[in-house]
C-alpha cells in the first residue's frame, strides 16, 4: 500500500497540493447507514481553517468540502466517500523564490532529492494544507465513533512555546483562538504571540488529545498495537517530532509502584498507561501528547543552499502561522479518531463472537475511593 | 494485513508465546544474494538475551536461532526466511497465579477482555520474549543496510531511571552491561540497580538509537513518512510510552531560528530534525529516543482484581528484569533497521530512475565550519 | 486495505456512483518525471465511452477527465494523482423501478443485503460506469510501461456470443466498433447485433489481451504471482466470469509434451504458458483471455422478488449495451497494465541489484527455426 | 505486503523450500476460542500427501504438522498460529541436473533470472510442496467456517486429461484415489493413468470446488470482490492456468435470458452466477472450476537451454505425479476456504451493525417449483 493511504479497514487515501486545483481524499470502509452531510464535515474544517484570529495565518482558505460519493439520501452506503476541497487562494507569486532555494526546516530539499521534481508552490504536497483532508476524513470517523460507542475525542493546546497551560475545563477550549483549556491565560498568550510575530521568529507547541469511552479490547498486538498506530498517525502530521501515550517520557523516572495502574472493582486508580496496555485499550481514557516544532517559514534570515548547491540566504515572507501548533488541535483529534475507528473495525472482525464472562472494571475509580485507599495504605505504612 | 506482520515490502510476520513450543518469524522480501548465516543473527540475539549480568533477569533463554528457509549455499534467495527459536526454560509453575489475577501494568486484563482466552504462562503472547524475534529479523535488515549502503545503526541507554547518562563514545557501549555510552558511570549504576532490586521496585529508562549514512530520500509522505514508521515500530516495542525524532519534545520551547537546521554547501549546521524532513530522510543521522516504562512485575504488593472481578492483591516473584530498558537497546536498533530497509525498498521501487542534478550536501558540516559561521554571525549581531 | 484500493505499490483508489456527482480515483505511487496530460488519459477514455456506435449504449457520458494533483508543469511528481470525472447524463427517472425490485443478474440484491442501503440509481456503485476510472488509471500505467520498457498492451474481442473471431491483425482492431481483429467479419457481427437488440436479449463475449515486451522476472511467488494478480484484476471487472492465462482451460486436454514450452537459444518454441511460469514473467507475451457474461439489463420479462420478498417481474428498459463485452477491451487492457506496473515496481524494489550472468533467451524463436526443429523431430521419429 | 502473505485479515504467511529443513506458515487473525488440534490439520494434509496410490508420486512426505503457537489448552487464542512441517525425504541427488538446466514448463528459468540465485533442489520454493502449507492453513479456515456458519467446502476432479467426469455424488469422492464424484469411471481412469505413466508423458485436469451455506453479503467491491479474491487464490496454486466462477466461459455463448439467475420467493431458479453477483455472495453455492496444466516433469526428451544459454535436452526422472491435478482437490478446497474466511471477517468488520429488513431468499428453489415455473412459461409461450 503506497504512502498516501492510511488505515487497514477504514482507509483514507489523500491527494492534492497546496496550489493545485484541489485537495481531497477517498474514505473507504465506512460502515453503512450513518447519517452524514457536508455540514458534519464542514464544522470540523472550520475549526482548523486559517484566518480565524490574528495569531494564525491570514491566508484565505475557505475549505468548502464537497461529498462526491458514498452518501445516498443523507446516509453512508458503505461505498467509498469521495471528498473534494477546491483550492481558492493560490497566490503562486508568493512562492517563486522557493523554486530555487531550499528552505531550512522544510521538506524542499528532501522532496527534490527524492523525486527529482516538485511542485514548489506553497510547499506543494509537503504543505500542511493537506491536513485539511485529515480533518475532513476524521470528522466522518469521529461521528461514527460517537454514535456507535459514545466516544468523545477532544484536544487542547497544552504548551505554546515556553508557556505551559495545564488543563482546566473542556468548555474553555472552544472559547479561545488558542485551543487552551484555561481561558485565564489567554491575554498572556496573546501578548506572547504579538511579540513573537513582531520578532519574525516562531515557536513550538504541545497538543494533548483525549478519547473518552473507548471500549476495552481495541488494538492488534504485537505490531498492530493501538498505541503503535496512534504514534504512526500522530507522527505523520506535519511538524510533529514526538509522541507520548499516558505518562510518556515521565515514565523514565517513575518507579514501577508509581507507574503501573492499580485495579480495583471500582475502577483503575490511576492512568499512567494512557488507556493502552500491551497495545490494547483498557477502557480508560486514551491520552496522547504530541510535540510540534516551530514554524520553519520565518521572516528572519537563514543560511541555505540553492539548486546548484551554492550558498544562499533566505527570508520567508508571505502569510504563515507563527506557531503551527495552534491550528493542530483539530488535526490531532482527527488522527486519533482515524486510529480508533480502524481498530474498532479490526477488533470486531476477529473478535465479534467473544463472550468474556469477566466483568469489565470502570475506567476510573471515583475520587473518594482513591482517597480512602491511599489513606489506608499510608496508615499501613505508618504501622510498619 | 493482520497485526503480527510488520512492513510493506520487507515484511516480518511473528508468532509464538513465552512458554509455548517456540517463537519465530518469517522474513519476506529480503533482497537475494546476501551472505547470511545463523551466526549473523545469533550475535544480535546474544546481545539481548537474559542472564548476561546480575542486573537483568536470570531466566535461561538460550535463544538459539535456526534458519528454516530462504538461504541456499549461504546466501539469501529472495524467498521467505523462516526463523525458529525453541523455548527451553519454561517454568510454567512460576506463573500459575497469573491465571486468576490481572497484574497491574501488564496486558493480562486487556488480552483477556479482547480474546476471552489467553495463554497466561509467562505472559504468553504479551511477553517481551517476542522481542527476540524482532532482534533476529532486525539482524537480517541491519546486515543488508550495512553492506548495501554502509548504514550503521547503534543504540545506547541514555537514562536509567533518574540517572541520565549523556553520550560519550560508541566504544563504551559494548563494554558494560547497561549499554551506556560512558563507562565511568557504571559503578554508580550498579549500586543504583542493587538498591533497586533489593527494594523490590523497578525503574524506567531512555534508549537512544542512531542510524548513520542513511541516504537522502527515504520515506513516503504524506502518511508513510519515515518518522511515522519509526514511531510505529518503536511504540510497538513492549513497555515503550514515548518516541522522539531529533529534538523531540524539546522543540516545543525552541524558536524557529533555533530548531530549523540551516544548510550550507559544507553540510547541515545542526540536526534538530533528527535526519527527517517532511517524512523523508535528509542524509543526516536519523536520531530516535524512546521512553521505556518501569517493569510491571515487581515483588511489592499491588492492588488488583481477579477473574471474577473481586478485589485482590498481587506480588510478582519469579525472575524479572528490574529495568526492562536495559535489554531494550538491541531491540530498538532492530526496529530502526526494519523501518529503514522497508523504506529503502519502497524508495527504489518508485524512484529508481530519478536523476537529480542538484548536489547532495554532506550530513554534517565540519566543526570548524560551524564555529566560523557562528563567530561571523555573532560579530554581525554586535555591529547591529 | 479496503476493497476500493487496487495494487501494492502502484495503487488505485476508486470512488463514485453512476448517478452521483462524480466518479474518480487516486493513483498513488506513480514514478516521478513522466510527461502526463489529461489528453493522454482522455484518448483511452474515449475508446471505452458509450455512444460510439449503434451497438453500444446510447447514454451520453462525456467522461471528461480532470487531473487534480500529482502533475506539475506537465510531469508526474511522484505524489498522488487525483483524477475526476463528473457525471453529466444522469437520468435518474429511468431507474425508479429498481429501487423496489432486484434485477436478476445484477448486484441489487447482494448490495442491499450486505449494506442495508444502496444508491439504486443506475446501479450506483455496482454500475460498470466505475470502469471508466480503471481505464483512466490504466492510461497512466500504460504510458509508463511503454516509455520505460517498451511494453505494448493491446486487446481484442475474440468472440461475440457464438461468433468466434480469430486474431488477424492489430491494425484491424481500431477500425471497427467491435474491437475485433479481423474486419471482414464486421458486417456479420453488425447483423447479429441488430437481431439481438431487436430480440430484447443480450449476449456474452470473450476478450483477449496481450502484453508484449514484458521483461523476464516480474511476479512475487508464491501468492503474489503475476498471473494471480492478473486473475484478480480481471475477475474484478464487472461481468467477468472466467480468466485464462496462456493455454488456459485447453491445458486440461494437453499432454505435458504439448503444453510445456521448449526453450532454445533462439527463443521459446511455443507460448502455452502465456508468458508466466511459477508466477514470474518469462519474457514472452503475456496472454490473457476473459469471459464476459451477457448484459443482465434486458427488455424481456424476468422473474424476480421485490424488497418485501414478494414475487414480481421486471423488464429493464433504458439505454443498455446488448453486449457489455464490446466496450470491455479497453478495460481489460487497463487492468493488465495496472497489474504489470505494480509488479514492475515490486520487482525492482527487491531485486534491483540482481546481476544474472545467464543470457535471457528471446521471447519467441523465429518461425524458420521452429519449422526446422519440428522437421528434424519428425525425421527422428520416422527413423525410430 | 510481500508475496508470501495471503489475505487481508485472516492472513497466511508461508515459507519453505522443497528440500530445506522445513516448510510452514503463520496463520494470523484467526478468531479466538475455536477448538483446534494438530489432528484437525493432519486429516486434511493426509488427503493431499503423496504415495496414497500408484497414480501419484511415490515420494515419501509424511507431512506431520506441529502447532508452534496460537493454541492454548486446545483452543485458538486469537494470536498467530505457527505451523511447522519438517521435510523428511529430501533426496537431493535426484535433482543435481536441474542445477545446470532449465526444465521447460517449470519456473527454473524465471526464478533464476529474477533472483540470480535459486535453491534448485526439488524445485526449491517453486515446488508444489509448498501447497501442503496451504492445505494446513486451509484446514483452520474450513473448521471455523463450518462451526460458525455451517459452510461445507468440497471439491472433485471433473476431468482427467480428456476424460470428463460429471458430478454424481459427494460420497463417491472420498472412496477413490482420483477424487472423482462417480466411482463407476475409476477403472477406466486407472487404465488411462497406467498408459500415461508408461508413455512417460503427463496430462492436465479440471477441479471443481463448491462452498455451500455461504451467507449472502460477503465480498468487497469494486476491487476486493469475492470472485476476484477467489480467482487470485486459485491462480496462485502451482500449475493453474484458468479459473471460472459459475457458468464461467460458457457465459460467452449464453443469452442474457439464459445466464442471469431469476429469483423467486422460493429461491433462485438457477446458479449461473456461481453464488457471486457484483463481487458479493448471493447465498447460493459458490462454484469454482480450475484448469491444471500437465506436469512439466516428464521422462520424455525435451529441448531446453543451460545456464550458459547453450542448447541442451532434458528428461526428468525421479518420482513425479503424472497428473498433478489429482492431488489438487484438497488444495483448491483450502484456497476457497481461505478466501471465504477472510471475507467473513472483512464483512463483519464493516457491516456488523447492518439490519436488513428484506427477507433473504433461499439459495435454490426446490426442484418442483422450478419445474412448475418452467411448465407455466412454456405454456405461456405456446399461447403467444
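A, B, C and D label the chains in the order they appear, each numbered from 1.
One rule holds in what follows: a residue touches a chain if its C-beta (ideal position, glycine included) is under 8 Å from a C-beta of that chain, and two chains touch if they have at least 3 such contacts.
Please read all numbers here as calculations on a predicted model, not as lab measurements.
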Using the touch rule from the top, work out which pair, B-C or B-D, shares more C-beta pairs. B-D
Counting only C-alpha atoms to place each centre, which chain is farthest from chain C? B
So, in whole Å, the Cα centroid of chain A is separated from that of chain B by 24
Averaging C-alpha coordinates per chain, one finds the centres of chain B and chain C separated by a number of Å equal to 45
Distance between chain B and chain D based on Cα centroids, please, to the nearest Å. 41
Check: chain A positions touching at least 2 other chains come out as 1-5, 8-9, 14, 29, 32-33, 78, 114-116, 125, 346, 351, 354
In their complex, what parts of chain C are in touch with chain B? 1, 8-9, 29-33, 78, 148, 345-346, 348-354
Seen from chain C, its contact residues with chain A in the complex are 1-5, 7-11, 13-17, 20-26, 28-29, 32-33, 66-70, 72, 75-82, 84, 114-119, 124-125
Residue positions on chain B within touch of chain A in the complex are 1-6, 8, 14, 102, 104-107, 109-116, 125-126, 130, 159, 161-162, 201-206, 216-225, 227-236, 238, 241-265, 269, 272-274, 277-283, 291-296, 298, 300, 302-305, 307-311, 346-347, 351, 354-356, 358-361, 373
